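My questions all concern the structure below.
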Amino acid sequence: MGAVAGWLRRAWDHDLAWSFRRSPVAVAAALLTLLCVGGALLAPWVAPHNPFDAASLDLNDAFRPPAWLAQGEARYLLGTDDQGRDVLSTILYGARVSLGVGLASVLFAALLGVSLGLASGYVGGRLDAFIMRLADIQLSFPAILIALLIDGVARVALPRDTHDSIAIPVLILSIGIAGWVQYARTVRGSTLVERNKEYVQAARVIGRHPLAIMLHHVLPNVMGPVLVIATIHVATAIITEATLSFLGVGVPPTRPSLGTLIRVGNDFLFSGEWWITVFPGVALVVLVLAVNLLGDWLRDALNPKLR
Amino acid sequence: MSGALRPLVRLHAVSRDFDVSRPWLNRVLEGVPRQLLRAVDGVSFELRRGETLALVGESGCGKSTVARLIVGLHAPSAGRIEFDGVDLASPGASSLRRRMQMIFQDPYASLNPRWRVRDIVAEPIRVLGVARSKSEIDERVAEQLRQVRLAPEDGEKYPHEFSGGQRQRISIARALSGKPEFLVCDEPTSALDVSVQAQILNLMVALQGGLGLTYLFISHNLAVVSHVADRVGVMYLGRLVELAEAGELFARPRHPYTRMLLDAIPDLAMSGRRRTPVSGEVPNPLDPPAGCAFHPRCPHAGARCRSERPLPFADGPSLVACHAVQEGRI
Amino acid sequence: MSPPLLEVRDLRVEFPGRRGTLTAVDGVSFSIAPGEVLGIVGESGAGKSLTGMAIIGLLEPPGRIAGGEIRLEGERIDRLPQERMRRIRGRRIGAIFQDPLTSLNPLYSIGEQLVETIVTHLDIGTTRARERAVALLREVGIPAPEGRFEHYPHQFSGGMRQRVVIALALCAEPRLVIADEPTTALDVSMQAQIISLLKRLARDHATAVMLITHDMGVIAETADRVAVMYAGRIAELGPVRDVIHAPRHPYTAGLMGSIPKIALPAPGSGSPAPGPAAMRRPPLVQIEGSMPRLNAIPPGCAFHPRCPKRFERCVREHPEPIAAGTNRVACWLYADDRGAVEPR
């Protein structure tokens, strides 16, 4: 217990924490992110209703406007959609999916990118040339296109009845594959620098296997920028997923994300039920903004140490 | 030769080339040939057990490359390196490598900033199997730290918490923890302040006596070398130009470059001695002069020096590669 | 006795930080006469580079001059606004830094850089400036300077580049040149050439030189007087011969003892048997410990924890410079019995 308290105290005093406390933007961003992430993760417990429990839906409550307008009700704070689902609850559940897919694809992209970057930078030669050409080729395609391509291929290749269950992993894979290059490039650059440092040469003289040197010596020293890239990448991944879902090729309709909600609500935008699309849209913007701000601050705070 | 008298390390006409050509595509498009940098050019010498051999020279002379060739960070492009009579390029030789270790110049880059000191020092112990159980390893690490006049508690810290001199001690502790016989020291004190340098040099000399080590000491600083070396080899543009006992080299330098180096050392004694003015600079190693590499700067250069590369010959107790010395002109 | 060209009195340089203020230079005083070479020697962290930076007005924020006076030819320059300081830099104070690679702009030819500097500071036309630049390049030993005028810095070798930097520092005819480790990045043979060049130029142009270095050998060859710095203060100041051969301050004595010197062997030693070098040469003088970090400077005399001759007063009181023969020493060993301090 004392060890935890000690660790907490040291974390509080740490440069990073001090810089954090100093910046009101960072604190605001952190609180916002905490709110969004907390709400999303705890959706089943926090949401006022379960919008996916068909039994609890009442079609009479469909198309209710937000609570502060005429005909609104307090228990449907942000109104309801065409099926009587509470918009706030769908947002919370949707954010959960968005965040989940975003985080998972970033994790996948980071793992892939860091491994390829390490190998490329450390081994050099033909492997490096090959991986970097692969990266160059991929960069000439927009990320969305790549994700669409992979998703399309999967749909064709896999039997129709598995589509829904496989959709989310395939989505994570496609967004991940679309995004590995930035990690690989950065890690490769740092690896090239570290590889020539004397501590790596010392490890070689001791006789360590190149893989061991890459993992135990080089990797800890090149991970710094990866965290910053990942934070910003979460925001991009969420938007990519939202775009794909908006286009109808993302998450299955049984597990809507914020993107799906925006699309579904879009149909009702001009018939007057604006809240069904606007609120999920605002939620998406707020979530992405918060993550971006946090990433910005993280980059600045880590910079002197990176130098 | 019996084991006891056999030299510990032996280099036979070792050369090392580096390919500094432009990328393949550029070469094809521009019609430019491959470019090879010969960093080490036909170097031969021996190291006797227990001695300290110093290799000196200015930047680009190849002394650091020789060090790296011996420990296996580079492979020789030509020639042979033997350790205890065994060719290091032969298949069974990898087990011999554990008997040699290296200390590097930059105290800030030679320790992994993310590792604790105890892990840094323990690495050779673990990899080379000197000890296996955790308690044994901890015990040895503490012993190594004490040996370099650091405290065992320092093992818990990270390298950035130490000064340059202390980091160099940690490097020495790491190098010695695998119980090697032979230590290659690449400019170990060049990045340190003079008072710290004195501490490290004293430590290294004391350890050598206590542990019976053999040192190859690379340096550009002749004064430092005069303090630690038994024999000194002078290198210029990848070639060994003179090799002699330390006392002999400083008292009676033979090669014109050695004389120039000694002359260029700032005169701390302020004896007001007359200096022969030094001329010119080290030529581009990609395009070395024909014949003797030093001839453009040599006050004694003759026709033969411009066309024929001098081979080392024995002049009394020293080895010199110079036509003028061989012909008795100087 | 001509008035000093540069006079520094009680200079203090501080770095305010979030954990308190660090004093990197603490009450440093010295003067340089025209045409004199003053060496500032010290190990890393002693504050010698910062002293030079403070004088030339190039301290990086948050570093700032927190006290004392700097007078150039009688005029105070430590509190000048940036614009005034910029005009003094280059025109009256020239600078030579350690790394010739980064001191020159890689995008402009050396000729352009020289002419630009001359035209900025001296009121002469471009043609005259060009003539002057070529003459300077010849003076610093660049062979065939007219041909090399259009060359870029990367086309010169390290030693040649440093010569160009020296030419650049001198081209506006400054009264004072601050050289911060000018030979450290160079090989020994190039070092010797640059040292003799600096000496000759100082003499020929009657320029005062403040030579900052950690290398005592360079000081011995180049300087007239030398100040030894330790932990932001001057430990000893005096003529070079006296400081090197008869150091008063225990730190200076320790420093001189720890420098390895080439000792010629005793006659008749013959070929020694292979054995540890320690058997032949005594260990170098070793000062235990290391220079304190800026946030951990001991009270009283900063050197006292490492000093073999310390006594009670050293722990309590910070010593002011005391005259001891030709040198000025900041050490209580040289205070007279009444504990009074000689006036500077």
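Going in written order, the chains are labelled A, B and C, and every chain counts its residues from 1.
The rule is simple: a contact is a pair of C-beta atoms (placed from the backbone, for glycine too) under 8 Å apart; a residue touches a chain by one contact, two chains touch by 3 or more.
It should be emphasised that the depicted structure is a prediction, and the values quoted were computed from it without experimental measurement.
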Check your understanding: Where centres are the averaged C-alpha coordinates, which chain has the largest centre distance to chain B?
Key -> A
Study note, to complete from the structure: By number of contacting C-beta pairs, the most connected chains are B-C
Review point. Between chain A and chain C, what is the gap in Å from one C-alpha centre to the other?
Key: 55
Study note, to complete from the structure: CA centroids of chain A and chain B: separation to the nearest Å works out as 51
Exercise for review: Can you check how far apart chain B and chain C are, centre to centre, with Cα atoms defining each centre and the answer in Å?
Suggested key: 31
Study note, to complete from the structure: Each of the following residues of chain A touches two or more other chains, namely none
Study note, to complete from the structure: Check: chain C positions touching at least 2 other chains come out as none
Review point. In the complex of these two chains, what residues of chain A are touching chain B?
Key: 197-199, 201-208, 217, 220-221
Revision key, fill the gap. In the complex, chain C touches chain B at residues 43-44, 157, 159-160, 187-193, 195-196, 214-218, 220-221, 240-241, 244-245, 254-255, 257-265, 269, 271-272, 274-279, 281, 283-288, 290-291
**Study point:** Touch list for chain B against partner chain C, complex
**Key:** 48-52, 58-59, 163-166, 193-199, 201-202, 205-206, 208-209, 220-224, 226-230, 245, 247, 250-251, 260-270, 275, 277-278, 281-282, 317
Revision key, fill the gap. The residues of chain B that touch chain A in their complex are 68, 71-73, 94, 97-98, 100-102, 104-106, 109-115, 123-124, 127-128, 171, 174, 178
